[in-house]
Amino acid sequence: MLSIKNAKAAYGKIQVLHGLSLDVGRGSVGLFGPNGAGKTTLINTILGLVPLQSGKIVFDFKDVTTRPTHERVRLGISVVPQERELFPWLSVYENLVIGAENTPLGRDDIPQTLEEVYAIFPILRERHGQLAGTLSGGQQRMLAVGRALMARPKLLILDEPSLGLQPSIVHELFNILKEMKERVGVLITEQNVRESLRVVDKGYIIENGRIVLSGNADELASNPEVEKAYLGL
Amino acid sequence: MSTSKIVRIAGFSAGALFVIMLIVLKPTALIYGIQRAGIYAAIAIPMALILGIVHIVNLAHGEMMMVAAYLSYYLARTFGLDPLLSAIPTGIIMFLFGLMIFRTTIQHTLKAPELNQLILTFGVAMVLSQTVNLIATSQPRKLSLDYVSASATLGDISFGIYDFVFPVVAIIFLIVLLLFLKRTKLGKAALAVGQNPNGAQIVGINVQLTYALIFGIASMLIGIFGGFFLTKFSIFPAVGGSYTMKSFCLVAMAGIGNLPMVAAASLLLGIAESSIMAVPHGAPWAPMIFFVLIVVVILVRSFRRAS
Amino acid sequence: EGSSEGDPIKFGGIWPLGDITGDQGSKAARIAIDEINEQGGLLGRPVELVVIDSELSPEKGAAAVERLATIDQVDFFVGGMSSGVHLGQIPVMKTYQKITMWTGAASHLAEEAVGENQDWYFHLHPWDYNQGASYVEGWNAIAQEYPEISIDRWFLAYEEGAFGSASYSATQALFSDMEIDGEAFQSAAVGGGDYTAVLERAKAYDPDVFIWAGYDADALPLMEQSKAIDFAPPLYVGAPPGWPASFGESNLAENVTLYGMWAPSLNEVSDVSKTFYDGYMSKYDSEPATYFAPLSYSAIHIIAEAVERAGTLDKEAVIAELQKTQYESALGETITFSPSNIISNQGIRQQKILQWQNGRQEVIWPFEFATSEPVYPFTPWSER
Amino acid sequence: MSSADLKALQKDNAYNRNLEIIFMVVGAILLLAPMFAGPYARIIGRSVITYMILAVSWDMLVRSGQLSFGIAGFFGLGGYAATVLAANYNIPGIAAIILGALLSGVVAYGLGLIILRLRGMYFAITTLALAEIFRIIMHNWTPVTGGPNGKLVPQVLFAGNSYLQYGFMVVMAVLVIALSEYMRRSKIHYALTAIHDNEVVAKSNGINIYKNLLFIFAVVSAIQALAGGGYAHLFGFVSPESNFNANYTLIPLAIALFGGMYSTWGPVVGAVILGVMGEFLKLYIPYGHLVVYGIIIILVLLFMPQGVVGIFKAKLFKNTSNYPSKEELELSETKGEPA
Amino acid sequence: MSELRTENLTISFGGLVAVDSVNLSLKSGEILGIIGPNGAGKTTFINLIAGIHNPTRGTVYLDGEDITGKPAHDRAAMGISRTFQLINPLRNLTLLENVMTGYLFASKMNTHDARNAAARLCLDLGLDRLNRQTSNLNILETKKMEIAKALACNPKILFLDEVMAGLNSTETKEAIRLIKHIAERQNLAVGVVEHVMGVITSLTNRVIVLDNGQLIADGPYTEVSRNERVKTAYLGGAV
C-alpha cells in the first residue's frame, strides 16, 4: 500500500534521513530506534510535511512524492502525530468531526464512526463539549487517536501513541490496533517496544536515519541485540 | 461566581438605564449611535475574520476599502451605476484583488514571525494609497445621491434614516459569516486552520487555499462595503487609514476571533461617542471615549480572566 | 550670491506633493518659471525651479529647506501649505535668511515663530486673523448693500484641528459684538464625517449665518446631513481651503456661500487670472482646483518682477523692491506688502466671499470683483 | 571535544571578532560623517537618529514579547512635556528634555502597573489607544499645551547650530545603543527572552515577570520620550498632529524589521538605510516616491525576512554555535573530559 | 531537611473538580511516585504546588510556612522546582542559557557564575555543545535539559512530570540512575509522575494514586497496586 524508496531528507544542513526504503502493506509495521533516529521525520515525509530531497513515495499505486499533505490525507493516510496537533479552541466533538469531514472516506458515516471512537475512549464521550486545549496530556493523546480514526484511513500512522497514556488504556489501544490491522495498514513508532511487538507483523530498526535491521516481530523479539537495546524494561 | 453575576446584572441595568435616559433626553443620539456603530461593525468584521483565521493584522484593511470605494466611484461615473448596485461587481473585483494580494505577498510570509506580515501589509497599504493618490490626486470625491438625505420625522425631531443601511449591512455580514463558519465545510475548516494549521493539514484540509479564500472573502466584504461607504462619505486616498486603526481596536476590544462581540463593541462605542457628541462642546472628547472604553474593556476582561 | 553670470537663477520650492494643494501649487509655479524663461529669463539668466516634497512632515520640510539652501544653493524659497510643516521649517529658514515668499501657513503661531524684524520673510497667504477680519469687513459690506440680509446671529461649526479651531477663535474675537456660538466636529479628513450632533445644535440655535470651517472632504456629506435633518439657515457658508471634485454638480451646492481667494469665474473680470487659467489648462489638462495654484504662480512672478526692477540679485536691493510690489495677480487683487501683527511683509489679507450658483463659484464680494449678486435666503431643501 | 574542533572554533571566533571590528569602525565613520558633510546631511542624520532611537527602544521591549504600538504616544508625550516645561516654567532646553523624559517614564511606570498584565495584540492595542489618549489630552488641554495649534519652544536647542544639534543626537544615539547592548548582555536579557518564549516556564525558573516588564517598559518609554523631547526642541514646536503622528509608531517598526529584530544593530542599520533611501527616492521621483518606498518595504520582507543584519550574519559571519562553548572548554581543561 | 505539605488542596475548572481535597506530605529523601488515570489531576496538582494555578480551596505549606498565595517565581526561589509534561524550551535561548535562567533568577547568581554553574551541571548530565539552539536537540537531550533547568533552581522539592515518556529502555534506565543519584546527593524530596510502572517500581519508595482528583491510595507500590480501585481505574489488565 505504501512504499518508500530511498528517501533522503534534511533540516537545513542537518541530514536526517540517509536513503530509507520501506514498505507497508495490509497489516502492521513498527518503526523502532533510539531518540533522534529519524522516525518522526520519516513520518513527516510520508505526510509531505517535510519535503524529500530525493527518493519516491508511492501510496495506493499513486506517486505522491510531490503532492501536498492534504491530498495525501484525502487519499487515505491518517496520522496521530507525536505532538498531537489538536484544535485547542474547538470542543472534543468538533475535533473528532473535523477529522472526518475533509476526507472522502471519513465523510460517509460520521455518526457511526463517532460511536466507534467513543466506545474505545469513553472519556471522550463524557467530555465531548470540553475544549480540547483544556484536556489533560493523556486525554489529548486519546483525542488525537480518535480524530485519526474518524477519517477511516487506509493507512493509519501512529507516532508514539502510548506516550503519556495510562497503562490500562495503552493495553486497550494495542488490542484495538491488533484488530484494525486486519482491515487497514498500520505504521507505528514506539518506545514501548515490548508492547508493540505484540501488535506489529514486521519491524524496522532505524538508527541515524538508516535502517539497520528489519524482520518480522518474532525475529526481532528473539534478536539478542534488540533484546539488549529495547526490551530491557 | 455570584459576585461576578451581580456585577454583570449591575452593568446591564446601568446600560439599560443609560439607554432609557438617552431615549428620553436625546433620542437622536441613540439613533446616530446605532448608525455609527453599523459603520464600525461593517468595517471591523472582515478584519476580525482575517485576524481570527489567517492571524494577520491587515494594516491595508482600510486601504482596501478605499480602493473599493474608488472602484465604485469610477463605475458610477463611467457607467452611471449606483454605488449600492456597483457594490456587487466591486465585491467580486475585490475578492480577486484580495486573492492576488494574498498570493503575491502575504502568503510568502506566513511562516515568518507575525510582525513581518504586519509590516508587509503596512507596505501594501502605502503602495495602495500612494498609487491612488498618483492617479486620482488627493482631492476628495463624492457622489451626490438624493436618497442619502432621506429623512424621517418623529414628533418634532427630524433625522436621517438612510444611515440605517449600515447597521443592516453589518448584521448581514455578521449572520452570513457566522453561518458560513458554523455550517459550511469550508467555514469549519477555516476555524480549524485558524487554531492549528499543522493539525488542519493532517486532517485533509488545504490550508493555503483556506487562507487565500478567507482573505478573499474578507476582501470581498470590505469591497462591498466600499460601495456603501461611498454613498455617505467623501473618498480620498488617505480615507481608509483611520478605519484600519479603529477596526483593529474594535477587534481587540471584542476579543480576537469573536465576531458577534465585534458588533456589540461597535454598538457600545457608537452610542457612547454619539452621546458625548450630543453634549455641547463634547465633540473633541468623543475620540477619548472611544479609546478609553477600549482600554477599560480590555483590562476588565483580562482581570476577569485572571480571577 | 554664490551663482555667477550665465548660471540659472534658482527658486527652491517646497510643497506637499502628495496633496492636491502642493501638487497644483508646484505645477503652477513651474508655469510661471516657463513663462519667465520664454521671455528671456531674468537679468539675462535662465531661471530654474527645484521642487522638494515636504511630505506634510515638519522634519522632511525642514530637511528640504536645508538641502535647497546648501546643496542646490537656491536664491529664493517659495512654497508652503500647512502651518504644522512650516513651524518646523522656520528655525532652519532663519539660519539662512534667504528671501522667502510663502504661499501657505495660516496659523498665527507661525507668525510668532518667525518673529519681528525678519525683512527677508514675505508671507503671501493671509494669517488666520486676517481672514477673520476680512470676513467681518465683507459681511458688513454685504449687509449694508443688501438690507434684507441679516447677520446678527452666528453659528460656527469648525473642525477640531488647528485650522478649524483657529478660525473659530478668530471669528469669536472679531465678531464680538454679535451673537455667536460654535461647536467642533471631527473632519472626515482625519476619519470623522459625522456632523449630526453639530448640525442639530446649529438647528436648535437657529442662526442667521451658519458657517462651517472644515476641509473639502466634509463638504458634500455635511450638506447631505443638513438636508436629512432639514437644517436650512438663511445663509449657509462653507469655509474650507478647497472644495471636492465636481461639488458644483450637486444640487445641494446651490446657493452655498463660501470663502476663497480664487475661482475660475474670476477669469471674467481679471485677464491675469484668465492667462493663468488657460496656461494651466493647456499644460496639465486639468482645472486648477485650489487657490494654491494661482498663489504659487504669483509667488514666482512677484519675486521675478522685483529682481527685474532691482536689476541685481543683491538681497537688500531685492527686498527693497519686493516691499514696493504692486502685482496684479491671478487672484484678482493687486498684491502689496505691509506689516501685519508681527512680521513686516504680509501680502494678501483679504478673502473673497463667493457663492455657488448654477454649479459655479461666483464672486459676490469684494464688489469690485463681483461676478454675480448674492442669492438670499438659502433655498429650502424641499424646493430643490 | 577534539582538538580539531578547538582549532576551528578559535579560528572562527577570531574571524568573527575581526569582522565585528570592521563593522564597528564603518558604523562610527557613518555616524560621524555628517559632521563633515554639510548641514543637509546633519539634518537628515538627526531625523535618522530620532527614528533609530525609537526603533532600538521598541526592540528592547519586544525582546520580552510585548509588542508596543504606542511609540508615538511616548514620543509625543516627551515632546509636550519638554516643551511645556521650557515654555511655561522656563526650564532650559536640555534640562527640560531630560525632565520630560523622566516624567514620561514615571507615567509609563504607573500605566504599566495596570496594562502589563495584557499580552499580545491586547497589549499592542492598549498602547495604541494610550497614545491616542495622550494626543487627545494634549489637543484639548489648551491653556497648558496650546491646544490644536500647538506650542512654540521658546528657544530652539543650541540656537540652531547644526553641529551642536547633530552632536547632541549622536550622544543620545550612542547612549541608547550602549544601553541596548548592555541589556543584551546582562541578567535582564535572559529574563526578557524567557518571558518572551514561555511565561509559565519563566516563572517556574524564578523570574518575576511583572517586575521585569515594568522596568523595561518604563525605561523604553522614557527613551522614546527623550527622543520626543529632543525632536520638539530641535524643531522648535509641538503640535498634536506632528508629535503624535502615527508614523512615529509605524516607521520604527518597519525599520526594526527591515534591519532585523531582537538586536541592537538591526534597528540601527535599518534606520540608516530607510532614512537615507527615503531622501534619495524623493529627489529622483518627486511625485510618487512613496509608492516605490512601499514596494521596497514589501520586497525586503518577502526576500529578506530576517532583515538586512540577519542576512549579513548568515552570509558573512561564521556560525560557532555547534562548537563547544567557552565554559565547556574551561571545565574540560580543569576536569579532563567529562563523563 | 524540608517538608512540603498540602491540606485539602482543591481546584475546580468550571464545574470540574480537577484536584479534590488532597492531603499530602513529602519530605526530603523521599521519592514519591504519583500515578493515576489520564486526567486524574496529577499535572494540575503539581501546578497548584508550584503556583501556576491558585487553588479554589486548601493550603500549601513549605517547611511549615503557608505559601498558598505566593507567586510562582517566589516559590521557585524558595525551592519548589518542576519539569513540564509538555516541554517548551525557551527557544530563543541556547541550551546553556536555558539552564542558566534557573541559576540567575531562582538561585539569584550573577551572570558569570550562573554560566559556569550551568555548564558544569550540563556536562554532569552528559549534555555538550552548549551553544546549540534548543531546536536542534533530540528528545533525550531535551529531557535532560528540562531536568537541568529544574535543578538549576536549587530545589528542595522537585517534581518530574513524565520526564521519561518517550525515552527508550536504555535511556530510561540511565535517567532513573541519574535521578536517584541527584536526589540522594542533594537530599531532595522528589515527586515523579510516570505511566510506566517499571519506572515507578524501580525509582520510588512511596506511591500515591490520584483518581478524579482524589487521593485514593498512598503507600509502597506493591501495596498500592493490589488496591482494587487502582487496578480497575488505572492499571487494567496491563500489569
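As written, the chains take the letters A, B, C, D and E, and residue 1 is the first residue of each chain.
Everything that follows uses one rule, which is that contacts are C-beta pairs under 8 Å (C-beta built on N, C-alpha and C of every residue); 3 or more make two chains touch, one makes a residue touch a chain.
In UniProt terms, the chains line up like this: A = Branched-chain amino acid transport ATP-binding protein LivF; D = Branched-chain amino acid transport system permease protein LivM; E = Branched-chain amino acid transport ATP-binding protein LivG.
Quick caveat: nothing in here was measured; it's all calculated off a predicted structure.
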Q | Each chain counted as touching chain B and chain C at once | A | D
Q.
Return the chains shared as contacts by chain A and chain E, ordered by label.
A. none
Q: Specify the chain most distant from chain E by Cα centroid.
A: C
Q) Quick one: chain B and chain D, Cα centre-to-centre, how many Å? A) 32
Q.
Between chain A and chain D, what distance separates the C-alpha centroids? Give it in angstrom.
A. 48
Q.
Centroid of chain D to centroid of chain E, CA atoms only: how many Å?
A. 40
Q | Of all residues in chain B, the ones touching two or more other chains | A | 130, 241, 284, 287
Q: Among the residues of chain D, pick out those that touch two or more other chains and give their numbers.
A: 139, 287, 290
Q | Multi-chain contact sites of chain E, meaning residues that touch two or more partners | A | none
(Q) Output every touching chain pair, sorted by label. (A) A-B, A-E, B-C, B-D, C-D, D-E
Q.
Under the definition above, what is the set of chain C residues touching chain B in their complex?
A. 18-20, 23, 160, 183-186, 188-191, 193-194, 196-198, 200-201, 215-221, 224-225, 227-230, 242, 244-247, 249-252, 289, 381
Q.
For the complex, give me every residue of chain E touching chain D.
A. 50-52, 71-74, 76-77, 81-82, 84, 88-94, 96-97, 100-102, 104-108, 110-111, 115-116, 118-120, 123-124, 126, 128-133, 149, 152-153
Q. Hey, which residues of chain B end up touching chain D in the complex?
A. 51, 57, 105, 108-109, 112-113, 115-116, 118-120, 122-127, 130-131, 134, 241, 245, 248-249, 252-253, 256, 284-285, 287-288, 291-292, 294-295, 298-299, 302-303, 306
Q. If you look only at chain A, which of its residues touch chain E in the complex?
A. 14, 34-36, 123, 134-139, 141-142, 160, 163-172, 191-193, 229-233
Q. Touching chain A in the complex: which residues of chain B?
A. 185, 188-189, 191-192, 195-196, 198-208, 257
